[in-house]
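Following are the structures in question.
Two complexes, one shared chain (chain A), two partners (chain B, chain C).
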Partner chain A sequence: MSYVKSLRGKESGVDYPIEPRTICDSDFGPVEVTYDYEAMKGKVTRESIEAGPLSLWRYRDLLPIENEPRAGLQSGWTPLVKADRLAKHLGVKELYIKDDSANYPSFSYKDRVVAVAVTKAFEFGFDTVGCASTGNLAHSVSAHAAAAGLKACVMVPHDLEAGKMVGMNVFGPRVVRIEGNYDDVNRLCSQIADKYNWAIVNVNLRPFYTEGAKTHGFEIAEQMGWKLPKHTVVPVAGGTILPKIWKGYQEFIELGLVEDNKPAMYGAQAEGCNPIVTALEEEAELFRPQKPNTIAKSIAIGNPADGYYVLKNIRESGGYGASASDPEILEAIKLLAEHEGIFTEPAGGTTMACAIKLIKSGRIPKDEPICVCITGNGLKTLEAMDGQFPESRAIPAKMADFDQLIQETSQTKEPAHV
Partner chain B sequence: MSDTTLAVEIPTALRPQVGDQESVEVSGGTVGELLGKLKAEYPDFGAKLYKTDTELNRFINIYLNDEDIRFLENLETPVKAGDHLAIVPAIAGG
Partner chain C sequence: MASRKCWLTFEGGCQDQPVIWQLSQAFPAVQFDVRQASVSQQIGIMALQFTAEDEEQLEAAIAFLVDKGVRVDPVEGGSLVVG
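Here is the complex of A and B:
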């Protein structure tokens, strides 16, 4: 059973049945799953959720599936780290890292959206799943398809990091490298979805796929002890996750699962690809697309399909945005690693760097709970760290050489106990 | 400027409104003139393509030879014979 009501044109309000659908026919706008929240009241409770599995499927009543989950049974329920050492370093009172670099099976937040999309692909009877991706989504689609026994065809820009390519090829999908940037891949994929009868997860399964992103927000709230952080900093690429964390927070408020503390949302982008932050800074209603040029390739999307809603939700919530340069991104990756033992990819470095900027500029007050959403794993993008760490000298296996090396080198660290 | 005739690629979702054609031939000197002709010929289609008389629907991307016209001269972008003009909904991402 499910609480799903319809697919509804987000702008037009036109209702459609539950079917693979890319856009609203009446205005070309996005379509979104609607639910019967009244029917959920008293049934979808803290207790009912806590009785569920330790995966994102504990929120299945708020996800658009009809039958049992068919994919991602171990996805989600990633750590929410109370980052006390980093909080002290930044001079803030309460800082959390929602760490999807530890997501299963492919180490990024995409395992959430794909778990839902692949389950829907089964429900709709597709035998092939695909996506347009900057890497992480292709990993997740390929891994979930392999485990589910579905065929996969993933489309990516031609110049991805070597680790990203291996990380998808290993699962045996058909990988199509496209000469161009993500936006070129995306455009082709929308045409492919028109022509082939495939479940392109972020095209014709998009309304279902995006709902999976809500679980990132649900988990933050539950893991904070059924509370919302006052400030949530989220990377912005295509614009899926920020509006869906926001929707997740609003659904929990609507169901009375958390108190409405007026949570504010903040968008993080790389300076080399920051259409949303530029629009915020210029107070423009719409963003202008950009040609990306940044080491944060997984968020290098210059024409974000849901950018309009990112702007809308940020503004509604009273949040803001920031962008980070490539050197700032690398510094933030190291800062997070050295203080919390979390190794994120440049997208996560971007989010961390932007959170720091927003704190330093006073946009985010230091005395209120802050959550930084880390969406990807640094081990996939090792090239980004090239040259960051000088190679250490190898020594003979002799104690005297070790003693000498230790005398020559030092390790500075802030006190561990505060 | 002399007019150029181009076959404009129509996305599946819109084809019913242009007689199920995959593309429609129109003439004009700029992208805006071509789309304006489409709008005149197929008013339902035009109503969805444009938000106002001069502003396109924000969920629509127009590509001239695989380049988003917002990187060119937008609706003022001149067209020439052999160009490929495509209407693509802003759908995917992520």
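Here is the complex of A and C:
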């Protein structure tokens, strides 16, 4: 049974039928899926959710699909790591890492949004799916399309990391490199969706696609034992995930599944692309678009489509934001890896670095539960870590040489890169 | 008829000029319908739908705006920057 009511203009309140739709015709603003929460009450319960599959589809009653899921059947339900070693290092009481670098099949949170968008593409009868992407989304669309038997055409900036290019090409989509940044790619894709009648998941399927991001928040709440973290730190790129985690938290509160502990949301951006954080720091009502320049390419979006809502949700939740320099991002990647065994991409390093800044500045209290959202895997962006580690020394295969090397390196406190 | 949905961004001084009035005077055959607007001391943002007899007229009107220092972007999915 579907509890979906309509697509509704977020600002205008105008209702539309469930159809591929990019914007509200009334004010050109975004449209969002609405649900019949009253009908859900008593039916969508902790027990009904817990009886579902160990994937994002355990929350299908809160997702905008009519029929059985057709894509991403193993996506979601990623680890929520209680990061005690890192918590001790940072001097905080309770720290969690929501680790979507372990998402299936493409190792980023995008598998959630694509699972919903591709299922919706089937329901609308599209035969080709595509996207504008900084890498992770193209990777995920390509993988899901291959598994679902749909054609794929993905559009990316021309200067993506080699690992991400291989990661999408292997699934056999048509890959188009665009000479420009993500904002240029996105602009072109809005025209492609109209002209070719393709399902561009983050353009004409955007209202459905974004709903998939809620499951990141649902899982945090369920995996914490049906509680909300007091503080949630989220990377901000186009601005999908933060408002949708917030919406997920609010839906769980509305349905009585969790207690309302007034969760605060925090946005993390790289210094080389931080329009939202700049607006927070300047107490500006609007953000000013920027030209990105950072190693955190997967969140380098200078004109975030949903940036207005990121600002709004951060402010209404009582949260804040921070931005991190490229060296701080790399240090945070190492810190997370060395303390928790989680290797994240620069976007995750940004989120971790910003969480540390927010804790050190006192914006996030040390004695309240904190969740840091890691959205992508470091194995896709190995170039970012080039030159970060000393080269390992080669020795003859003799015990005496090994003994000598251990003796020489035993003084260091750092992990032995020998 | 040709139609186009656009975001107009006014900054760097052009937000203090009567650019939209000038547009209406220079291109009386091009109609525009304001869907959103937000204007401050630093920046003005408007969402407009343009309608004209043909694409050429639209292109000329948009070129006029760009020449006046206005940034013109097509409306994309959810590109809302004003509340």
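Here is the rule we go by: the second predicted complex is superposed on the first by the 409 of 418 C-alpha atoms of A that agree within 3 Å, B and C clash if a C-alpha of one lies under 4 Å from a C-alpha of the other, contacts with A are read in each partner's own complex, and residues count from 1 in each chain.
Rule of thumb we're sticking to: a contact is a pair of C-beta atoms (placed from the backbone, for glycine too) under 8 Å apart; a residue touches a chain by one contact, two chains touch by 3 or more.
Source: prediction; values computed, not measured.
Taken together in the superposed arrangement on chain A, chain B and chain C clash. Of the two partner chains, chain B and chain C are each touched by A:Val203. In the overlay built on the shared chain, the residue A:His158 is in contact with neither chain B nor chain C. In the superposition on chain A, A:Ile301 contacts chain B only, with no contact to chain C. Looking at the shared chain after the overlay, A:Ser26 reaches both chain B and chain C. When both complexes are overlaid on chain A, the residue A:Lys262 reaches neither chain B nor chain C.
By the document's definition of touching, of the two partners only chain C reaches A:Lys312; chain B does not. Between chain B and chain C, B contacts the larger number of chain A residues. Contacts of A:Lys291 after superposition: chain B is touched, whereas chain C is not reached.
When both complexes are overlaid on chain A, the residue A:Lys43 reaches neither chain B nor chain C. Chain A residues 22-23, 26-30, 186-187, 190-191, 202-203, 206, 286, 288, 303, 305-306, 308 lie at the interface with chain B in one structure and with chain C in the other.
Of all residues in chain C, only 5, 7, 35-36, 38, 40, 43, 45, 47, 49, 73-83 touch chain A in the complex they form. On the chain B side of its complex with chain A, the touching residues are 11-14, 48, 57-61, 63, 66, 68, 70-71, 88-94.
If you check the complex, the residues on chain A that touch chain B are 22-23, 25-30, 110, 113, 132, 137, 180, 183-184, 186-187, 189-191, 194, 200, 202-203, 206, 209-210, 237-241, 286, 288-289, 291, 301, 303-306, 308.
Listed in rising order, the residues of chain A touching chain C in the complex are 10-11, 22-23, 26-31, 186-187, 190-191, 202-204, 206, 285-288, 303, 305-309, 312.
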